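In order of appearance the chains are A, B, C and D, and numbering begins at 1 in each one.
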Amino acid sequence: MTLSASLLWLIPATPLAASVFGLFAPRTARTLPIAGALLGLVAALGLSVAALAGALVDPAVRATSDFAWFTFGAQTLRLGWLLDPLAGFMCVLVTLIGLLVALFSTAYLRHDPRIGRFFGFLSLFVAAMLGLLVTNSLLLLFICWELVGLASYLLIGFWYERPAAAAAAKKAFITTRIGDLGFLIGLVWLHQATGSALFHDGGAGALDAPTLARLSSTLLPGGWAVSTAIGLLLFVGAAGKSGQFPLHVWLPDAMEGPTPVSALIHAATMVAAGVFLMARVFPLMAADQGLATVPFHALTGVAVIGAVTALLGAVLAVAQNDIKRVLAYSTVSQLGYMMLAIGVGSWVAAVFHLITHAFFKALLFLGAGSVIDATHHEQDLRRLGGLAGRMRVTFATFALGTGALMGLPFVFSGFWSKEAILHAAEGWTVSHLPFAAGLVGVVLTAFYMTRLVLEVFFGKARGEGAAHAEESPGLMRGPLVVLAVAAVGLGWLGLPNWPWLQTRLQGGDWPVHGLGEGFGLMVVSTALVLLGIGAGWWWYGRVKRTDARALDPLARSWPAVHAALAGRLWLDELYAATVGRAFAMLARVAAFFDRWVWGGAVEAAGRTAETVGQVNRAVDEDGLNAGFDNTSEHLRGSGRRYAKAQTGDAQSYLRVVAIGLAVVGVLLLWGGVR
Amino acid sequence: MSLAFLALALVCVVTASAAMISRNLIHSALLLVLTWIGLAGLYLWAGADFVGFSQAIVYVGGVSMVVLFAVLLTRRQRDEPLVLIPEAGVGRVVAGLAATFWVAALLVPAMVVAPLVQRAGPGPTLTVKRIGELLAGPHLVAVLVVGVILTVSLIGALYLAAPVTAEDQPEWDNGGTGRDRGNQEEPS
Amino acid sequence: MNELPLLSLLVALPWFGALLLWLWPKAPVRGLAFIFCASTLVLGVIAAAGFDPTRTGYQWTERHAWIPSLRIDYHLGLDGMSLLLVLLTGVVSPVALATVLRRLESPRLAALLFLLLQGAALGVFVALDFFPWFICWEFSLVPAFFLIKGWGGAGAGRAAYTFVVTTLAGSAGLLLAFAALYAATGTMNFVDLAQLQAEGRLPGLLTAVGAGVPTLAFVGALVGLAVKAPLFPLHTWMPATYAEAPPGVALFLTAVMSKMGVYGFFRILWVLFPADLRVHADLLLLLALGGAVLGAMAALRQTDVRRMLAYSSLNHVSYCLVALFAAAAGVKGHEVAVEAALSGALVQAFNHGLSASALFVCAAALESRAGGSREFARFGGVRAVAPVLAGMSGVALFSSLGLPGLNGFVGEFLIFRGVFGLAPWAAVVGTVGLLATALFLLTFWQRVFHGPPAGAAAGPFPDLDRGEIAVLLPLCVLMIVLGVAPGLITPWINPLVTGWAATLPMP
Amino acid sequence: MSPLHLCLLLSTVLFCIGLAAVLVRTSAILVLLGVELMLNAANLNFIAFWRYGPGGDDTGVIFVLFSIAVAAAEAAVGLALVIALHRHRRTIALKAANQLRG
């Protein structure tokens, strides 16, 4: 059963319906929203599988179905759905992991009174994410992109009573919003350039060859190709969402949200949206590759940022004491690897790594969640330890996940996907620095994961919570096992000699070569992994610390370095000092201007009017009035005298009348007054 | 000139001047009634009999009664001397007379000089039927207006004269009931 | 057009209601006031039903000689833009009235004044001759002044005074401008003047009156309108007025009366002075951007909820003006961008009316539960105590933030699409304003709604009662519906915008 | 002296007597009586002219009738005023009613 492009909208619609149903249910409802959410996810998973099947029938074709949103002036805004293997794979990935995380959450959040709301927001997130994956229009992608941001804001700030969570939610939304603004400008530019911002629109779409040629050929005043500029603007949005340097600061803080949220959103899916966007618009990004005259290629920027982030993430992960923050920085580092892969030109390797990473990172986060739940919310490594014996399944699955993340050879999926990236980086002609950063990253990754496993599962329980931990309930262990299987098995989908996944994604042929060809690189990377594990064992495995307050072994040997890393290289402080203060200062200036300068101007106008009034009154008072006053005084005096005539005696009036009559009569009759 | 006219004229002038000079209000009121009767006679003499009779009825019958009532009601105590307080101020009398003299000085010569067209022979006759037609014809509006004036002035007079509430009624005025109004002392 | 004098009825009904309230002391205030207030919405809907978007020119017109000797007519008419704003007034007025009537002292007088204000606002949107238009324009100040002064906060007297004096000073310029127009052309009718402008004779006639007259007339009209729809430097009366006015009146001020200014910009400046507008487009664009960015920045600094909302309104209205001024500089070949900008401006004006009203109702709800105090510090963790209030204000807040899926985004996207096509630098600077808007709104949300319940929220803090929900729910539903399907309101203004875009001059 | 002149002379005399009374006497009632007298003098004039004038027109008589009616009404109101004045001022001397002065 395959799903045609025109029915694609069903995939995001089912979780959306579940979320609307969940959010409008009474706040304290539990079973209804949970059941609704799970049902939505299962339905979406089924539809996604059908869609993937439909896409794989002929990987090369891009089935689209467009519809009109609304008209403004004489133009109509058109949106659309797109079905291709990339969308299919990603939909299955999101719905599958979403389902597993949802099942895990039913157990993990069983004590939380507002679990109904949680599942409502979770379904909203999945709906927005799916909408983002299957759209054919950059505008619709932007809409879902921001809704994903909203869902992440609501989920990070789920326990909004805790100020730290609320601040983290705001920080996440604002930082991703900074990226989104770059995205908006890119979107608007693309819409102006292509008239509809659709990806594939029968040749006129943004990613269709003729448009790409036109975009890459039109040059900006600085010599840049338009496609490069738009590409980089879209990359700014992707960097914001996928936590690339310098917009990565929100990801570690996002760990304030519940652990299932961290697992689904801040490890597997949402942060991968940026990579997905780059993969989706890869033709646009790569449009300027061929042009020698262009001073800067979009993909070079992506590669550089990717490499920097990979290295930075790994380095920062080494000295974190919170289990979730270690994994968060690890995610930042792995996302750096994916961007690196895209930068060096192989988006297929990036997507392959994205898929494998989604599974084993979700596994690691859920494992961490299981640990946290068992130890009554103890997240600090220094107070954990010795859990291997007590939590066998969690330990086993966590170990498998760690193996996949480190890239232990041949067995684990992480090895193959990371190999693909390193292989592509090695072949990059522009510069070898990203390749070197990748290798260093491999060592560091091995080191901090070994440290994590040793600190949490080996040695003695250093904290009160760790001492009494026992294995998590079945509903939590089930998803862990499933994910563990995927963490191991998925690698075999993309072997160099059997590139099933790559050919499907590429939609065309994919160079098949034997194991021997990339063997040298595999040996080197395995050696590096073993080196990292050894170093990790050397510092954290040899002497088992029993006291939580004991100094971290690494800190003992290199105190300065450790302090710097623990302080996250003071990046947050740097931001606060520069951007933060600049913003606050600008705000203060605006408020000052507003109150005094513009306000002042109006006040001044008001005050001048008043002074004119004063002057007028003064002149009036002394000059004119004086004159008027005594004349009026004079008049009043005479007035009073006349008043005396009014004696009140009626008869005196009559007399006057009679005399008057007489005088007038005489005048009239004889006065000759005719 | 006919003797009757002279007699009636004499009656009118004498009673009128006596009424105006008299110091006793009731005497002047009664004398004025006589004047009105004289005037009624004059009207009859002149042939306007309806006017004469209406003059007699209205003035002699109606107005005189009103005047007498007014005079009686405005006396403070039963035993108050009818003679009023002596006239104040000779100046007033002189000024008044002077003014009257001036007016007379204007009217009399004007009358003498005025070129009056006279009609000799018997005066015109005016039947009551004729007066009725005139009143009901061209002067109908005037009749109605006078009717309204009469009603309004009666109501007005009633309102002005009748004491509406207790405080309007001064302490000393026992409203003619003869009852002594409690121990209020005599106002100064 | 039809025989039913719908527009005269539309303007007269609220005034008749006010008269009835005045004459009939024992009238049931709330019931009567609401009947007349909501009747304008009903008439608006009837007008919309009978409105044929494809026909250009004005519909439901009524033209009777008023002062024949001065050739002044009582001329009412409706085109897409005024229909949109009439409907906005129809929707917002009952909301504002409900908020005004929540305060109990002398509700009859308050309702009476409000109905006068509403009638005047409707008059401005439908009048097509300067004479009735200006009467309604000035008359709306009188009830507003008394409403602010009578039921306002501590500094209400001074705020009302500055509000009226500043607006009057501005409209003096407007009056002079139209005096010049009258001297030049002998008529004050918008339609006739537009006709003259279309034939290109208007500038000539104006210069015939005097050398500098055309620019003076333009500047006069500009100042008059800039004060009303606060264009950046002339907006200083706004924060104090919105903060001190009673919530219902502040709501009406921001949702409808600032749109009177924007309407004036379109009806007078865009139609009658296109050449002057183009000459000054860059400067005005800079001012409007200043309003948008600095307005949002200033909002960051505010600790008083309503003052913050005032700056937020300045920010949003400035975006409409940014679109207008960018479009003013448009030339042949920019049709799509100009259409996007102008329809964006009108859609934004409508949507801001809705979201601002919802935000003001929430602010009023917060205030009434904190003993009239409007400081952020007095609240904390309201979401835990009053989730329905949090939910509703959340929708309003994210709509004014421009979150896609809600109505705010539509206007914002169109404006940025248009402004980017016409003046890319302005679009980039505008995004800084967007970021600042997101920042101050979320800071407000975090400080008031998130965190543990504190301040007023710790004490008795009842959630929304039925009255408030009955007011807020329709607004929220409208915001969501218009967010998903903006095509409901755009057809009315499309022919208008296309017509304007068609008359762009050669580059 | 024609009879008309005599009548006019009589009415003038009566008129002046009335006027003198109005101007001189202090008692309000007497002033009113004076006024009545002046009115009657005027009526006499009318009848005289009706009787001896060019004639042919009876309006004079009608006028006298109305004048009598109005004079009656006037007398009633005037005396009511006097009573009211008396109630407030205890006297009916005209001097008492002099509040309306400058």
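Methods note: a contact is a pair of C-beta atoms (placed from the backbone, for glycine too) under 8 Å apart; a residue touches a chain by one contact, two chains touch by 3 or more.
Every value quoted in this text rests on a predicted model; they were computed, and no experiment measured them.
Listed here as common contacts of chain B and chain C: A.
Look at where the CA atoms of chain C average out and do the same for chain D: the two points lie 77 Å apart.
Taking each chain's centre as the average of its CA atoms, chain A and chain C sit 33 Å apart. For the pair chain A and chain D, the distance between C-alpha centroids works out to 108 Å.
Residues of chain C in contact with two or more other chains: none. Within chain A, the positions touching two or more other chains are listed as 651, 654-655, 658. Annotation for chain B: residues touching 2 or more other chains are 92, 95-96, 99-100, 103. Of all possible chain pairs, the ones that touch are A-B, A-C, A-D, B-D. For chain D in complex with chain A, the residues that touch the partner chain are 19, 22-24, 31, 94-95, 97-102. Across the interface of their complex, chain D is touched by residues 640, 642-651, 654-655, 658 of chain A. Residue ranges of chain A in contact with chain B, taken from their complex: 651-652, 654-655, 658-659, 661-663, 665-666, 669.
Across the complex, chain C is touched by residues 27, 69-75, 139, 142-144, 146-147, 150, 157, 160-163, 165-167, 169-170, 173-174, 177-178, 181, 184-185, 188-189, 191-192, 195, 583-584, 586-591, 593-594, 598-599, 601-602, 606 of chain A.
On chain C, the positions that touch chain A within their shared complex are 162, 165-166, 232-237, 239, 293-295, 297-298, 300-302, 335-340, 342-344, 347, 381, 383-384, 387, 398, 403-405, 409-410, 413-414, 416-417, 420-421, 427-428, 431, 434-436, 438-439, 442-443, 445-446, 449-452, 485-487, 490-491, 494, 497-498, 501.
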